[in-house]
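First chain A sits with chain B, and in the next complex the same chain sits with chain C.
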Partner chain A sequence: MSHTDVPLVQPAKSGGDERLLHRSLARRLMSRPELGSVVGAAAVFIFFSIIAEPFLQASSLSTVLYASSTIGIMAVPVALLMIGGEFDLSAGVMVVSSALISSMFSYQMTANTWVGVGVSLLVTVAIGAFNGVLLTRTKLPSFIITLGTFFMLTGLNLGFTKLISGTVSTKSIADMEGFDSARTLFASHLTLGSVDIQVTILWWIVLVALATWILLRTRVGNWIFAVGGNADAARAVGVPVTRTKIGLYMGVAFAAWVSGQHLLFSYDAIQSGDGVGNEFLYIIAAAVGGCLMTGGFGSAIGAAVGAFIFGMASKGIVYAQWNPDWYKFFLGAMLLLATLLNAWVRKRAEAKA
Partner chain B sequence: MNGVRTASPFTARSVTLRTAAALLASAALVALAGGCSAAGGQDAEGKSGGSGKGAATPRMTIGMVSHSGDGDTFWDIVQNGAEQAAAKDNVKFLYAHDKEGAQQAELIQSYIDQKVDGLIVTLAKPQAVKAAVRKAVAQGIPVITINSGGEFSQAYGALTHIGQDESVAGRAVGDELNARHAKKTLCVIHEQGNVSLEDRCAGVRKAFHGTVENLNVDGTNAPSSQSSVEAKLQSDKSIDAIVTLGAPMAAISVKAKEEAGSSAQIATFDLNSAVVKLLKAKDITFAVDQQPYLQGYEAVDLLWLHKANADVLGGGKPVLTGPALVTQQDVPKLTEYTGRGTR
Partner chain C sequence: MTALVELTDVSKYYGNVRALEGVSLEVHAGEISCVLGDNGAGKSTLIKIIAGLHRHDAGTFTIEGEETTLSSPREALDRGIATVYQDLAVVPLMPVWRNFFLGSEPTTGVGPFKRLDVRTMRETTRSELLRMGIDLRDVDQPIGTLSGGERQCVAIARAVYFGAKVLVLDEPTAALGVKQSGVVLKYVAAARDAGLGVVLITHNPHHAYLVGDRFVLLKRGTMAGSHAKSEIALEELTRQMAGGSELEQLSHELARTATPEFPGGHRPE
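The block that comes next holds the complex of A and B.
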């Protein structure tokens, strides 16, 4: 994740002539939404490098990166959605739904696992579209809509799994055709020298790059910032608000499909009750990375850095061998400190700019 | 990459729900027509046998309230046992569960209101359900406690307790690890603050000659749990044994161990079909089963016997269903039984 090769194009936000002024590179860097989170990540990294001796080993870093990537893959579209001014509370269980659909379809139909993977993609993206359509049609807050789908998916996961498999976890599909090739795509790892790189890290990087390109280089990116900043004003100037929001929810669903297939192909059987609560990790990663809870501001790279901070803090505490009873306390404190640092840096940057 | 669809509204418009449904249907047809798997899947499953006829005693109703969360394999097996006994004993079996103690008390109350003929409860949060259990006993409903809280069972007026003493089970694991020459054990707690999980680790610590360290992980998030165990193994290379307290966590720890390049042996509490496979592959050295099927089956059967013949089992002491130690030798039988959800 290099931060220097990012196109430094400012999204067209509130107008005025100041955007025509030439600003120095340092100034422009300072006003990037991810700057504060990068400083926060550096602080957490240095802290654990000093405190926890095994933290700097290559193998440890690959573990931390893996943990970050499993959150980060979801945090990217969730950040885009938050920039667009909405939440998705169903994202956590949707990952498990996607894995369950794929697993049970392949198993029950005795089909090649790729067929299940394909069906799962269609159904999961349809669930995302359902969220978006319901939101734009009813005009209810996304909190309520996706809370509804969150509970419904939790129930469907359990109900269907029990109905179809007879138990609450799916049967192993490890011996079925297509499993090995699907595992290569979703759950393999490459060895570079002595370092083990999980394929989820590559997915993560690709998704961050894609999301950053969309946000900063395309018209759709401008639409996302516009609908999150002020949906009515955006509509007035001709931004297709409805389609943008539905698209954002389908984006979350697509990432849920990627994460779900990773779960399935790395553990080959799925617990139907899993995933509850993970939606908050994605929102946390996006928020720690500089996305505003009110929409209109944020970046995909920031969300990635947020996920990295979360991954470093949650595993760093284990590397530091602190008393496990206090784990959650330390985790919360680390996140709070990293976010405070983020806010402080941004405030100073804004004061200077 | 299909990721373009993530944010392009033009694709969003074209892929409406209707076309998605049509694609889904055609994908299903493709699956039926050509995309079949030659190995595994449902076609490879055997058919299980049927059940016998019910008892001739009058129909009775038994309610069970547990502290299970949603989608817990373990409680699924307990429920299977209870339903099997209910079918045999001509019993109408009701089941409800909630993680929260206060909710469990309300569920118990609702069964009292329904005037059930017997109650099965778990005492994972004994103080929370104490009043409700006493009320049921006062109204003449026989109560049997299962799984957890055996030491409170008699005081609350229950007929008997059926379960495993977590401390005894922990000690059995500690002894077995001693016999297998382990020096430093990692005890993976998948639900922070759960008393019976802490008891298990404490039991291991009591019997084990080496040192035992606890690690808290987030049990409903598999990748996070795996990377935490990995991190622990990387930071302390002297760990030569891992004890997991639930079957799903065993498979996750096996992966973590491989990723971390550790040679620690893995032992687990509880069984499922994945654990049996890992036992067969020697990735897990042994498992401690508390036979959840028995806890459900015996509880229903004893309430029926109590009604039909005024029987009481245990003589005031808990009836223990575990620990039953299983190793690679037990695999052939276990494969069949875990597959159908009774072990």
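The block that comes next holds the complex of A and C.
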């Protein structure tokens, strides 16, 4: 009855498509969340190409990509979480927690390293779920919830490590069964021509592709945008808001597990005090990549470009033979610039097209 | 003929606050039932019960003759009750076509390749909106760039497309200008003509009387009146809505009284 072809109301005006021409290519490009970060990446690339001679060599590129991938693996799920309207301040230490669990479980139980890796996956994802459940149950801001878990994890990392190992770092697990195969998965590198490719770069690319697919082409992606853009409206049309948010936190935890295992298997022991402060790197990469602080807008590719900017900057400063301390200043300045640019671009793009 | 939705003596308490008591409402297919009331009269509580956000504490709630208690908005949707809220109908930053299908997205493919059917989503959005008389420039524009009236209309078109039998509209004209309100009321009438039962919540008796078939008046959580259109004239509806006897008292209070000859009571020197 409601699906006849007869219009129920006559259109007030006729002819619509010709008005589409007014929406120019430039304007459509400007409404992409990645735009600011791509411009920024080009600028940073040109800048270091000019001032730091070794920057353009193939070996430098692989170093830069490796640095980018270690940030990028985490920046992707953090970006999804930000699109979903939440923060995770515990992401940085969670990486170290995940590595510690894996290392200490294998060592103490004298188990195959893969058992430790598996236990670590379960526990880390459970920590992510804990963040999500606490957030959706208490309805407190995610800033407070994850600030709480941030400090709790920092304390647990140090406390348990000292309790079990007697020092602040774990014992080496390099001679344990399964170490080599686990290292192949998490911390190996392969040579492509003259370029050395770290396996984390592959992890990074796969995660970016997966996240982009989820965001743009699945129902869950639609829900992520919706819970960040207007959670009440989403709930009213039947979107499972609680499950979506908990899932996003579990996604961050999964990436923390990947990063943590990389950290463990690239060396063989873990410093329990590491990881503090890295959560801001991830958030900055996502924000530079066009994710809106208030949620509902952003992209995984933008976050990847954001991570690439910081990979270039952290290594470019070394190649330019500057004091690496300047990197921190660059981080802050870049965040401010990119956020301003994004806000300006979005305003222009959304002004009645 | 069984009513699509029927509330009989429904009450709702928040702790010791009586939000709603003994309210009855009938919604029939192809008819518009208007709920009128001032701020705080219990209109929001009433729609939250029908929409599945809250459960009623007393009375009966039947859907097509079957007594029920809704546990979630999702369940209400599945039973054919769609609610369009005044301010939270849409996600402003998302494109129109993503908003249109939000929560009920069609997919193609199987297993890990199951994906949104983007082409169908865009085409359907465009054609369904056109059928309701909304001619959009571009279904990719963020819905926040549409006017308030257009956004309400998209939400109504969405409910009609998803086969809602009952459409609950929360103050659809409250924030709109005269012309925009007219446009929205036209779509409300179009939804009625498509055979839906409509619940129209409003505090504007003029809008209600234009389209309504029956009127329920709420006052401080209780039912102050229930009328079919044939039983009541616009003047009477407006008078009751505006407070009836309270209005008379107010007009008495506001009436010009004889001004003292010398304000303040002091004779100037």
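A few notes on this one:
Here is the rule we use: the second predicted complex is superposed on the first by the 292 of 353 C-alpha atoms of A that agree within 3 Å, B and C clash if a C-alpha of one lies under 4 Å from a C-alpha of the other, contacts with A are read in each partner's own complex, and residues count from 1 in each chain.
Please note the rule applied: a contact is a pair of C-beta atoms (placed from the backbone, for glycine too) under 8 Å apart; a residue touches a chain by one contact, two chains touch by 3 or more.
Just so it is clear, the model here is predicted, and its values are computed rather than measured.
Of the two partner chains placed by the overlay, only chain C lies in contact with A:A233; chain B stays clear of it. Legend: residue contacts after superposition of the two complexes on their common chain; A:A255 is shown touching chain B, with no touch to chain C. Residue contacts after overlaying the shared chain place A:Y319 against chain B, while chain C stays out of touching range. When both complexes are overlaid on chain A, the residue A:F297 reaches chain C alone and has no touch with chain B. Partner contacting the larger number of chain A residues, of chain B and chain C: B.
When both complexes are aligned on chain A by C-alpha atoms, chain A residues 221, 223 touch chain B in the first and chain C in the second.
Those residues of chain C whose C-beta lies close enough to touch chain A in the complex are 51, 53, 73-74, 77, 83, 85, 88-94, 98, 101-105, 107, 114-116, 118, 130-138, 141-142, 144-145, 160-161, 163, 186-187, 190, 193-196. Chain contact summary for the complex, chain B toward chain A: residues 1-13, 15-17, 20-21, 23-24, 27-28, 30-32, 35-44, 69-73, 76, 189, 192, 213-216, 220-224, 227-228, 230-232, 234-236, 248, 251-252, 255, 259-261, 272-274, 277, 340-341.
Per the touch definition, chain A reaches chain B in the complex via residues 52-54, 57, 59-60, 63-64, 66-67, 70, 77, 80, 105-116, 118-119, 121-123, 125-126, 129-130, 132-133, 154, 157-158, 161-162, 166-169, 171-178, 189, 196, 206-207, 210-211, 214, 220-221, 223-224, 240, 243-244, 246-248, 250-251, 254-255, 262-263, 266-267, 269, 271-278, 281, 311, 314-315, 318-321, 324-325, 327-328. Interface residues of chain A facing chain C in the complex, by the touch rule stated above, are 1-2, 5, 7-14, 16, 19-20, 23, 213, 217-219, 221-223, 225-226, 229-230, 232-239, 292, 296-297, 350, 352-353.
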